[in-house]
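Structures incoming, each one as structure tokens.
Presented sequentially are two complexes of chain A, the first with chain B as partner and the second with chain C.
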Partner chain A sequence: MSEKVKKMVKITVDDRTIEAEEGAILLQVLLENGFEIPYYCYHEALGPDGNCRMCMVEIEGKKRPQISCDTFVEEGLIVRTDTENIRRVRRGILELQLVNHPVDCPVCDQAGECSLQDYYMEYGLYHGKVPKAEKLHFEKHLDLGRNVMLDQERCVLCKRCVRFTGNIVKTGELGVVERADHSHIATLPGRKLENGYAMNVVDLCPVGALTSKDFRFKQRVWFLTSTPSVCHGCATGCAIYIDHAKTKFEDDTIYRFRPRKNPDINGHFICDEGRLSYKALQENRLREARAESSSIGFEEAAAQMKKMVESWQGRIVVLADANLYIEELEMVQIFANRIGGKLHAPLDAYRDPAFEDAWLKSAMRAANAKGVERLGIDTSMPSSRGEVLLINFNHPAAGDVKARRQIDLLTHRPETFADLTLPIAAWSETSGTLVNEAGIEQRCEQALFPNDPVPTLMTWLEAWDLGERCLV
Partner chain B sequence: MGFAFTEENLRELEALAKRYPSKEALMLPALWKVMEQEGFISVEAMEAVAEWLGVSPMKVYGVVTFYEMFHEKPLGRHHIKVCRTLSCALCGQSGVLERLKERLGIEVGETTEDGRFTLSQVECLGSCGTAPVMQIDDTLYENLTPEKVDEILKELR
Partner chain C sequence: MREVKIVSRRFDVPDVDRLDVALEHGAYKAVEKAFSMGSEAVLNAVCESGLRGKGGGGAPACGKWKLAAQHPDPVKFLAVNCDESEPGTFKDRQIITKDPHLLIEGIILTCYAIGAHDAYIYIRGEYHDFQKVLQKAIDEAYGAGILGEKTMGHDWRLDVTIHRGAGAYICGEKSALLESMEGKRGHPRLKPHRKEPEWYFGRPTLVNNVETIATVPFIVAEGPQAYRSYGTEKSPGTMLFALSGHVERPGVYEAEFGTPMMEYIERFGGGIKGGRALKAVIPGGASTPVLTAAEAAEARLDYESMKSLGSSLGTGGMIVMDETVDMVEALKNLLGFYHHESCGQCTPCREGTGWVDRIADAVVRGEAEAADLQKMLDISWTMNGKTICVFAPAVSGVIDAFVEKFGDEFQARLRSMA
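Let's look at the complex of A and B:
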């Protein structure tokens, strides 16, 4: 047993006593305790770099202000974060950061979530001494590939993107070239970003230098609502925010997925494929019920479903998507038992070894595969012998099961319609729990509230009166 | 178009390696060898150096662009470096530079069409007592006047 024992010590910050681990980074401790310290280059996942100089605090006994990202906690440290002098220092550093900044906030996508803007309002509020005509100019729209756009003029050279590509994904495509006030971020001539996690640099960038080609100019961030959820791209279950907005005359729309910090799963990051999966989620949705190819009302559809199930004499096979929430799966399980059907959730259909990597991407491309196993649901493909009624809850391989009659409950429009097809709410339009590959349970909140919602899976099953859980 | 160190250069670099704490620390000597061997540092050469040092090519590119003495493109046969720091600026550097531009018919950073001269401005050459100065290739020229520039250029033609 050589486990490191954390030694807790007491420090004083702005006359408040705080307990912190000895040797911890002071900036991180201050942030975790709710002190507002401005910073650009520090990031919990990337560590301190000490290049932006914004996180200055006063340490008793030290002559000059110190950067808190390079100060380590020790017993009896006395720190002041908000003195007249500190505010003056921060203001001075901010002014230097903005010397060559184009101040093009009205057309900048970062506006509203930009550290430069925030700190300017907090510490700046001066009139720039450098006339706009004398500012240095660099490339304003460099396509770095992988949906990342670079505006070199807006950059504060915090090097978070450089450290991400160099230390985290270790592909090292980005670097700082030239010198002094000609320094800028660049790639090797003729090269671009070439890793499947590149779009994380957009989140890491504290200013508007790196923006997402996919998101830019689509929506102002102050119109967005962020709802905590979980990516359904694979069984890793990266925590995300669904950023969505319901603007005037428009329906509730997802504009982007952003990683949400979860130290046990994805840390601060997600893969690009997961990030962009919001598109497929809201494209080509099924919104009406169909009896074969003709459109029918929801009430009639519910009645037809009940009739079809109850009048069926042969075998019943129920298929469940391994992306359904555990609450939904449980209900489907109860439903299958009630109608005497055999429930399957075949997992082979989700296996995609080509997608897998050593970091966040899992070959099991179903968000709740573990949940399926936990509920003891049969994960094999059902046999199609005899006369079968197939009730399919959004499983992608339903077409491989031969059935005499088929009821589909789908989130997206199928290529061909079954005997009865009912639309169900997608995971962004309902809430529930997922169990990821490592067995970690995560809650997904309902993000979207469409103007004309389609019924949830639970709603369709209400006709069977399966109990309280229907109301989840 | 690939790049490879000559065997002799590689031997010399390997010998130098003993003096440095890590292989990465050999970046500058390695880039100097490329300059000696090729006259400039191409992207292929940066990649080769990066591989030899075990760092990312981007890191080498950053170093190459940081230092004035490394060039990414071939230079003229003679490289004229005019000092632009304070003492030279006060002692008439601008007249010297103007004469050079006029004679060579190029701007700073350009190379003459016949490939003979490349004109650059550099920071302090460490010879403020004899300002204004310029360095052509490895020779320092001191106490310059526009007239002296004419004579020097004549010798080099």
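Let's look at the complex of A and C:
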């Protein structure tokens, strides 16, 4: 990024002096400095639109309250965010937002993360003055396609979704139709959302108008824990939150991925495919060790592995998945050296040009391909004459390697079992570092703590006493 | 009261919408003069005349013209606002149907002064038939070499295009008009923080009302002082005022600014219909706060007088209401209009217009209580000064004036709690 000279100036907000960049959007500055300003239409990625009128503040020298999303920082600006008059303005406008709102919070998926609810608790707390029967009614179950459901009654017409499809992905499927209080969001007749980033509108929607068909009615948001992580869908490495919950009688379960802001990588958004990749992550998991097709205990499995490795010493090929964390890859590398194995992490198996686009999707569909290269691991397919033991750390193309005997360490159940198959924890069940294709390192925290955890890759290697670095 | 006809001077000439008849009666004379004066002199003449925009706001034309004229971008546009949708206002359509060549002449002069080579006339969708008259006149002007590559033989191009709206009131707001002309939803834009021209596809653009543009030929031909000899110091010149409602002769009649309102109503409108007593006058289109009969008696038809009475001259379209008018029903009628026409962009207006309409309806039906009336005033407060454009503040002013000035009529309709 080019280093533009930013001129910092001082402004006064509620008798507090803060420094801000000249010309910056006041609302953004206020939010970053911890002031609580209600707003619907503004979004850092979409810019100001000025339609919701909630973010009003008093500016010294201005007769009327001003919307802070359309006020720009200048030296000596004096701002008041919490006066009696401002509270009255916010209260009045919020009441208008709610006048035709169905107030169906008990069955609304947004409940718990809804701006209408939050601001009502802060500024509203009045009784409804319009009987339910007199409220305007619109479509409540409109399938916009691409997993996005629209409830027009809950909408506050902030147009974030319209601006996202219009200005960000530039597919322009959404628009506002009709006027006044009959205005509502719609697609053109017979048309649907048809872009690979459509589900971002669900995150953008500040209320319960746009919900995800995948997530709705699955879990209450207040039961969810959000753990910062990184999407493993491709080498872009979009920052995400893993939203998961361990409810009564259930195991720790992922309910959704949400984009996490990272201005250097994905901004505020992720692709739909990455967002939905949590399903494959937790479906069809391998949880027990197998000697050929019969179940064995973890201790016996570890002993068998040790024995096999010792008897094949010098004739071993090791394959490593390019989705493993740097720490895991390093450990596999040390392990391979120790046992005299040849380590490969073939990258061609992950290449998918059909997936690639000009924005977030990369053709390299492995989260840590760059990490593999950084560690100097051979990225070609091993050429084997067959008289070898193959130790496969979850690589998808292991079946293409000729080997006499094979040990698989897998996160998911294979179609056929090798001589020895050991389960390993998936990336959501452990922590570590990824290097995305731009060379940016990102930490992924352990999100899931299952009731019966399967061993991590590191655990299986403990038998070789590879040293401190085992402990991640 | 002086008779004066500046914009309406050829209104009574039969067939003056035809180019040959218009030319016979002096049309396009100012164009020759303008080309000999030079563009800057035309701009100065308009500035010296003190011409004020006649679309409702009454801002001096000079400021807007200079912003467009002095902008360094070589491509500029003129947008002529003919989206005349304000209830009680029907003056622009008189110009485009009675004397379309006057408007075209004004467009040539304006474009010449600001350096624009393309002018667009934004006509509301409902003006279907009137638009045909104007289009015919434009075609004739092209045919005669008045418009086109060489404007009246001078090496200076001008193209004039009619753009038809789809019938939205808000598209009369200049920035919504430009949004609409760009093919988008007619939503007003956020107001600029500095003085700058309007923008059409990112190019500096001047937006003026039809009547404002149609006044320019007189100012160029007769000089700014001739225009200033009419009207008042701060509101110089004349305006096409319109009369509707309870008068004997509704219509559009030109008069000097500063003319006493009642004198105007008597002289041109022939007084209140059936000799009944006057109750109220909405002075300048539906969006201006209503005046009581007593206020109307004091009112003069200029910007300053109207402002001092807490109202506005607006478009100069007076709606006269006699003693038989039910003010509660009148307000409900107006609020129904605003509810229908709010563009729905910002919250206070989108939801507020619907809610006050509903409350007004309840008052009419005798189902409202005092708290509901108070609620209407609260909503009115929230709508005032907190939106992108002046639509909601205007509605707020309408509500406040009706309820304040005719409060007893509203009180009488409330459901008694007994």
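The rule is short, and it goes like this: the second predicted complex is superposed on the first by the 465 of 472 C-alpha atoms of A that agree within 3 Å, B and C clash if a C-alpha of one lies under 4 Å from a C-alpha of the other, contacts with A are read in each partner's own complex, and residues count from 1 in each chain.
Basically, a residue touches a chain if its C-beta (ideal position, glycine included) is under 8 Å from a C-beta of that chain, and two chains touch if they have at least 3 such contacts.
Predicted, not measured: the structure shown is a model, and the values here were computed from it.
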Touching partner for A:L136 - first (chain B), second (chain C), both, neither: second
Touching partner for A:E58 - first (chain B), second (chain C), both, neither: neither
Which partner reaches more residues of chain A (counting touched residues only), chain B or chain C: C
Contacts of A:D70 with chain B and chain C, given as first, second, both or neither: second
Which superposed partner A:N100 touches (first chain B, second chain C, both, neither): second
Partner chain in contact with A:D321 - chain B first, chain C second, else both or neither: neither
Touched partner set for A:L188, first chain B, second chain C, both or neither: first
Contacts of A:D408 with chain B and chain C, given as first, second, both or neither: neither
First, second, both or neither for A:R179, with chain B first and chain C second: both
Common interface positions of chain A, toward chain B and toward chain C: 175-176, 178-179
Touching residues on chain B, where the partner in the complex is chain A: 43, 46-47, 56-59, 61-62, 65-66
Contact set on chain A toward chain B in their complex: 166, 172-179, 186-190
Chain C to chain A touching residues, read off their complex: 168, 185, 190, 193, 339-355, 358, 375, 378-379, 381-382, 385-388
Chain A residues within the chain C interface of the complex: 48, 50-54, 56, 64-65, 70, 72, 89, 92-93, 95-97, 99-100, 129-130, 134, 136, 156-157, 175-176, 178-183
